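Across the two complexes that follow, chain A remains constant while its partner is chain B and subsequently chain C.
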Partner chain A sequence: MEKKIGVYICTGCGIGESLDIDKLSEIATGEYNVPLCKTHPFLCGKEGIQVIKDDIEKEGVNAVVIMGCSPRVNYDVFKFPNVVVERGNIREQVVWSHPANDEDTQMMAEDYTRMTIVKTEKCELPEPHKEDISKDILVIGGGISGITAALEAANAGYKVVLVEKEKELGGFAAKCFKQLPTKDPYQELEEPIIATKINEVKANDNVKIYTGATVEKIEGAPGLFDVTIKSNGSSSTEKIGAIVLATGWKPYDASKLEKLGYGSPNVITNVEMEELAAKGKIVRPSDGKEVKSIAFIQCAGQRDEEHLPYCSGVCCLVSLKQAKYLRAQDPDAKAFIFYKDMRTLGLYENFYKTCQDDEGIFLTKGEVVSVNADEGGATVVVEDTLIGEKIEVNVDLVVLATGMVPSTKDEAILNLEYRQGPGLPELELFYGYADSNFICFPYETRRTGIYAAGAVRQPLNIAACMEDATGAALKAIQCVEMTSRGEAVHPRAGDISFADFFMQRCTQCKRCTEECPFGAINEDEQANPLYNPTRCRRCAVCMGACPERIISFKNYSVDMIGSMIKAIEVPDEYEEKPRILVLACENDAYPAIDMAGINRMEYSAYVRVIPLRCLGSTNIIWIADALSKGIDGILLLGCKYGDDYQCHFIKGSELANYRMEKVQETLDRLVLESERVRLLEIAITDYDKIPGIINEFLEKIEELGPNPYKGF
Partner chain B sequence: MAEEKKMPSGTNSVLVVGGGMSGLSAAVEAAEVGYEVFIVEKNPYLGGRVAQMNKYFPKLCPPYCGLEINFRRIKDNNRIRFFTCAEVENVSGQRGDYDVTIRLNPRYVNENCTSCGECVKVCPVERDNDFNFGMDKSKAIYLPHELSFPMRYAIDMDACLGEECGKCVAACKYDAIELGMTSSTFNLKVASIIWATGWEPYDASKIDNLGFGQYPNIMTNMMMERLASVNGPTQGKILRPSDQKEINSIAFVQCAGSRDENHLPYCSYICCMASLKQATYVREQYPDANIYIFYIDLRAPGRYEKFLKNVEADDKVTFIKGKVAKVTEDPETGNITVEAEDAVSGRKIQKTVEMVVLATGMVPSAANITLPEELKVDENGFIVDGLKDGGMFAVGCAKKPVDVVSCVEDSTGAALKAIQTMVRR
Partner chain C sequence: MAKGYVVEPDVGFVRELQELGGDTLKKCYQCATCSVVCPISPENKPFPRKEMIWAQWGLKDKLICNPDIWLCHNCNDCSAYCPRGAKPGEVLAAARNYSFQYYAWPKFLGKALANKKSLPWLFAVPAAIFLFLIFLGYGKTGAEPGKIVFSKFLPVLYIDAVFIPTALFAIIAFALGLKRFLTDMNGGTMPPVGAMVKSLKNVLPVILRHDKFKECTENKNRYWGHLGILYGFLGLLIVTGLVFVMMDVFHMEDPFSLINPVKILANLSALALIGGLVVVLYNRWKTRETSGLGTYYDWLFLLVLLGVALTGIFAELMRLAGIGALAYLCYYLHLICVFFLFAYAPFSKFAHLAYRTTAMAYADYIGRELPVEESEVEEKSSEEESSKE
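Right, the complex of A and B next:
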């Protein structure tokens, strides 16, 4: 498409008073031969917008450069259908953060004008990638979470395939005698809801159920998954759009809890207790005598570095529930509960209160010293941590409140045929749980279109599993709908651009297939990358990784950013005006720089900031381009990485840091000091640190002296 | 200029009441599936309670990071429209076909506002900054905070001198200020309504024995969040209110109102984790400060346990099991003596500290608004869920006290429940 660019310079918000606007216009019409360049005192106002609209309609302008405020504001008014729009930030990042009518401030605005025009020249309107896709949802696991996900998706009109490894649906929820209260006033135990749910799902025409079945393999990508299901010795294949992983939990191996008496007669786990109660009467396993007293030992393995370092979340409530079973069976029976902290959060406190009010339930904060059990019962010795005394109780039965282990702890379950492995990428810090590391985005997943739900994601009770599964079903539905429109899912939700690989120049180095944080790229036998657009999250980490620079997006490419860097005017060394390039993550670092401007914090006008989709999309060539042009220093500002990473593309900033080693090679080749390139982690709220970071870096660069490549 | 206010209609849409983390999540999740969504928010900005927080537990990451992404999802999605300074006035109809009256309260600043800030320079009056719980002042015309979305000023008419002053009107080059703006109403047709009205901190001055409002160096946990925030009253420096002095010791009083029949019978879910988190704020600024945490049970469920372990490993953090019975101030030093009674042993434990944070609980905001009859609330004001055949869904802390992660999960699920009301079966 032949571009006709219109440049519109807003002079409002102090811009007109601080800058020589005519000189900016001259750059557009003179240096870049832009056919149309206009200024307006209130460009985002109705009249200003009309000027642009008229030019689009009457003058055939199809690419618009707005020189004014940050792209973070007025996004809605500067939006014109089928027109490329690029924003040059001369408000927050120029006139609000630098002295007015100053030579350096002016040069900054001029460079941003050049950079934005060049960016616009290189930018094309993306068109969505569309394929015929399946919108069917696969749910793996037929417990309460899986059944809920299946039903909720089916009730929204989607076809569901439900795979359960056991012969019957229901999972652990079906083993429960009663369930915890789920509704106001949160005081009474309820009949388990699972039986009703099983019937509902069996009766739902939208749900196809495989029992005694496992997922043998999953090939493809969102909208295009081919799922092979093995059941009763035969295999069948389903076309699937998105997946909910709801394979639940398994009880912690109680045989490791010998210290607490497991293995002795009359010492059982909470799961076994549930089965015992469900049979009708709570009797002593050793002799069938009706149980008159039980000692419940909380945190049997949990909160213990030797067993499960985490808290299982539900065991306090489960023991209280089981104490109620006993009390309901026999009003004279006694339940002793030994705990570290009673964790009955939120409205469950009401239920806890009913147990505290029950004269047959004895609650003691303490550490278990010993459990001695035999055919005739058990003796539990506990040290009361409050009064520092030992208490001894003799009971008929000891119940160990053991914890939950995620089903993904030791097996992949999904069996993905992905270059990067068969399961959801594991994170040490989650103890095998398929959880997200984001507070704000709990369904974030590194395998696009695959969402974990229920106790495989975190230890949860039945009601919480149902809530969680409903959310996961929504995410699966959302994924197929967005995929059908050719849009990316979170966090670049709605982005229709996708990566284009210029395969003729591929050297099969595998960097892209290794580095993609989302496993979007497979490989053929010759190690050629096989890109899956519907798995792609558009972070462009692959673009940053590729040494041959063959990966690009229509509206984001190595050439585009490289050209912006080349558009920066670098004064020669005798002018003593250093130049610092800042490559900033557009999600956090760039808003932080904006915020410094909003607070009118001042920092050096020698910097030129370019926002990036993710710092991980940084291609080393940009560093080389900048340095060979004579730019004195480069600052890369990205999100925190490591265990508590804040990078929205999970590995982006970490990979950018990893590439810094390669940057060293570039610097060595150019015989430049390594201090000229620095990567810093910065959070969106670190705006107060921006002036310090920039000015300190500049001081360092000034100490090193000018880049000797200036003027070449 | 900011959000468009074209008055839409159509029953293929969802209304979300409340633009905090729960409401935003429900709205973007439903809109990204492909449905039209309206958000109604009473504040002049979106983001709700989390916008006032310094960091999230357990990652210690800034809430604005996720808010920025959610705001971008709104910006990029023309299926979402939002109304700030707005409230639901009336709801009629039933599942699949609600008629909702929305009241737009005057902001006194129209869409022309470019947030240039010239108005603030000329405004002659100050007001207590409610965003910082009154710990500092703002002008009568103000930007709620630097990351406000939409990025637009608002006027507090209780403080504003009105037309006779009119200095801001003269200073504004964009005709953005309308001191005569009045409230107006409009109607929306929607298929379902998600109530994400969130929570308010419990009024700590009601807890007689804990001295809030009486002694300046006793504050609430939400105030502590503002105090520790870089855009808070002290630019993030934790200084005690009476004399702006650096601190050597601090006490956190857990269950300040929660788990107490006289105040909030329930557990507010987040306060243990919030205090543990705030202990890390103190530690970051004061490597040697003594930190005392008075608690009944330490509730760090699931993998939050690791966070608790990390704080426990700090040998200058002392955990004391016991309910705080009273606090006293030394009028000369402003120091506070916290006295706890151990319910089991009857022992009394005393600590004198320079500052006290009350881990106050959550009160559902729904308790203070008129809800449609279709919705039922429990005795504490939480909206009771389980309207099988209805088209209204309560989410997050409107329904029960929970943490942010649970709010987002719940809201995502509610988006699906809302969508189901629009699907023909």
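Right, the complex of A and C next:
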């Protein structure tokens, strides 16, 4: 595309009073020969926008450089169809955070003008990748979560394929005698809702149900999935747009709980108790005598390093519910609950209170020492009780509150034909649960277009599963719709750019196929990368990984950022004006720097900030370019990584840190001090630390002295 | 395998405690805020946290024979701070009410005092006795017309004939109840009498000075209320004893002059009693949200006491005003109230006087530490420091 660039400098918001605007214009028209450069006191206003629109229409401008506020604001105002728009941030990051009419502030604004023009020159208009896609939604698992997800999607007008491994729909919800309260005031048990839901889903014409079926394999990508379903000995294939994984949980293997008496008569699990209650009268399994007393042992094989290290979140409520079964059967019956901590989340506190009020329910914290059970009942000894001493109770029945294990723990279930494996990648954070990051992105998995809901995602009760399934169904719908328009899904929702592979120079090193956090890239037999645009989240981590620099986006490339770096004017060492390059993740670090400006916090004017899609997209060549140009120090600001990571692309900042080893090689080659490049983790809320971080780094660099490559 | 204390919750006991004023007891979730805020709870095994779970679990044997439920002075700081509205102060009061019944002899009277339905009968008994005596003595005592003399209305001898056996009965009932109580607290045997008397001497000044009430924060002015009631009551008890001696031994004639020292003591005591009752009743009402309105036992006792004081004062005022019919009616009602107070003392809240004193003495005997005053701690630590020097 032949570009005609127009540069527009806004002088509002204090910019005009703080900078020599004429000098900035000279850079555009002089240094870069930009044919059109205009200033306006209120560029985002109606008149300002009209000036740009007129130039686009009458002058044939097709690339617009806006020098003004941060690209994080007014992005909806500075939006012109089929025109490249780039923004130079001289408001938040220049005039709001540096002294007015100062030489260094002016130099900063000038550099940003150069960088933005260069970027615009390199930038191409992206066109969406469009294919004929299926908008059908596959729901794996026919329990309460799966059925809810299927119904929600079907009622929104989408075709749904529901796959259930058992012969009947319903899952664990169908085994419940009663259901925990699902509505205010959260005090009384309810009749299970599952039967109604099963009938509804069976009657829905939009839902195709496979029972006694499993997913044999899934090929393709969002919008283009080919799903092979094995059902009753035969296989069939469905074209699918997006997938909801709702395969739920399985009970923890109680045979490992011999210490708590499992295996002896009259010791059962909470799942078996539910079945016992559903049959009618609660009777002793050994002799059929009506049960008069039960001891519930909480956290049986849970919050225990030898068994499940986590809390299953629902067992306290389930035991309270089952205690209520017994109390409803016999007003003189006694239910003992021995717990580590009572955990009844949210409004279920009300249900806990109701159960507490029952005079026949006896609760105490305690450590169960022994369970001795025989045909005549059981004796449970508990120490460290609230009674103040070791106690012993004689009961008819012992119920072990065992926990939930995600169905994905030992099986891939999805059976994806992906280069990175058949299942969801294990993050080693969630004990096998298909969760990505519980703080920011519920339902998201690291496989685009596949959303986890219900107890496979985290231990949940029925009401929470239904809420979860609704959310996941919406995410799946969002995915098929955006994919049909060629747009990326969360977190770069709506981005139509996609990666371009210049295959002639590919060395089959596999770094991109291995490092893509979302498994978007498959491989052929020769280890050539096979890119799936609809799986791609556009983080550009592959672009950072590629040693041959053959991966680029139309509006984001190694060359583009490299050219921006090269556009920075580096004063020679006698001027004593060092230059620091800041590569900032645009999700957290860049807005934090903006916020420092909004709060009028001052920091050194020697820094030049470039926003990146993800710190993981940092290509080592940029570091080498910057250092060999004479830039004195480089600061990489990314999101927190590790167990409580906040990286929007999960592995991006971690990979950037990993690549710092390679950076070291570059530094060694150039015989430069390792302190010149530093990677820091920063959250959006850390904006108040920005001046400190920058100034401290600058001090360190000044100690080291100027980069000897200046002037080369 | 080492065995533990075999727990057999008594669901019936839980329900009884709830009916006796501890209806909130199940709400406790054992955070122990109560034990922390209680200004008079000992450092070691403080109440009322542990009593709350014993109550919830229906562990009657642990709860009732435990002196701690009596060391509680019902300040209700715990109830005010309880995050669950479990009102530990009221639950302990319910446990004490249960004790009145549990240690009562004869049992049926214990039950009758707990039951609102028995109330008419309990009043009907003295009403009938005194009505019968008035009939019996009517016209025989030679009252001068126009002059109101209570001893002519109902001879002193008749009154003695009722109250001396009543007092004896109450003393015996108390003795039996307290003996069982002490035996229970001491794990099945009576503690040595000598040691108990010594401990009683230790705690009596504490009781008379109302030290414990002074430490309450939530219901501070109850100190004055209880002080007024106790000393008003003691004053009237002394007056009754003196009058008994004056009339029966020295055959002095009533009514006594208003400037007679005994009369002055009587009137001042009555005023103290009424003043104290007003403070306590007002306080109960004011703090009903945070501390609870109190139990049936509380109100019955307080109202009967108020009845005693008011009927006494009104009988005197009516006599001075020369309105015979009203004076005699008030006197009649006064006698009923006094009978109610003393005859049923071992089974009503009146009994707390004996049970709490006994429990406090027992706590002293077993060396149950009481919280150390901060000033004492400072003194001690400064002493230690100086001794180190």
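Assume the second predicted complex is superposed on the first by the 709 of 712 C-alpha atoms of A that agree within 3 Å, B and C clash if a C-alpha of one lies under 4 Å from a C-alpha of the other, contacts with A are read in each partner's own complex, and residues count from 1 in each chain.
Methods note: contacts are C-beta pairs under 8 Å (C-beta built on N, C-alpha and C of every residue); 3 or more make two chains touch, one makes a residue touch a chain.
Please read all numbers here as calculations on a predicted model, not as lab measurements.
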Clash or fit (per the criteria above) of chain B with chain C on chain A: clash
Chain A: partner with more touched residues, chain B or chain C: B
Which of chain B and chain C A:Glu359 touches, first, second, both or neither: second
Partner chain(s) touched by A:Leu386 [first = chain B, second = chain C, both, neither]: both
First, second, both or neither for A:Cys506, with chain B first and chain C second: neither
Which superposed partner A:Gln478 touches (first chain B, second chain C, both, neither): first
Partner chain(s) touched by A:Ala278 [first = chain B, second = chain C, both, neither]: neither
Which of chain B and chain C A:Val83 touches, first, second, both or neither: neither
Which superposed partner A:Leu680 touches (first chain B, second chain C, both, neither): neither
First (chain B), second (chain C), both or neither touched by A:Leu704: neither
Touching partner for A:Met601 - first (chain B), second (chain C), both, neither: neither
Stretch of chain B, among 307-315, 343-351 or 397-405, that runs into chain C once the two complexes are superposed: 343-351
Shared chain A surface residues [contacts with chain B and with chain C]: 342, 353, 365, 386-387
Chain A residues touching chain B - in the complex, by the definition given at the top: 12-14, 41-42, 44-45, 69, 72-77, 152-153, 155-157, 182-185, 302-303, 309-313, 341-350, 353, 365, 384-387, 429-431, 433, 435, 437-443, 458-459, 464, 467-475, 477-478, 481-482, 485, 489-491, 493-495, 587-588, 591, 595, 598-599, 639-640, 644, 646, 648, 683-688
Touching residues (chain side chain C, partner chain A) in the complex: 1-7, 9, 11, 14-15, 18, 26-30, 45, 50, 53-54, 56-59, 84
Touching residues on chain A, where the partner in the complex is chain C: 332, 334, 342, 353, 356-360, 362-365, 369-370, 372, 381-383, 386-394
Chain B to chain A touching residues, read off their complex: 1-4, 21, 25, 28-29, 32-34, 56, 59-70, 72-73, 75-77, 112, 114-116, 146-147, 151, 173-174, 229-231, 235-236, 259, 265-269, 297-306, 309, 321, 342, 344-345, 378-379, 382, 384-386, 400-402, 404-406, 408-417, 419-420, 423-425
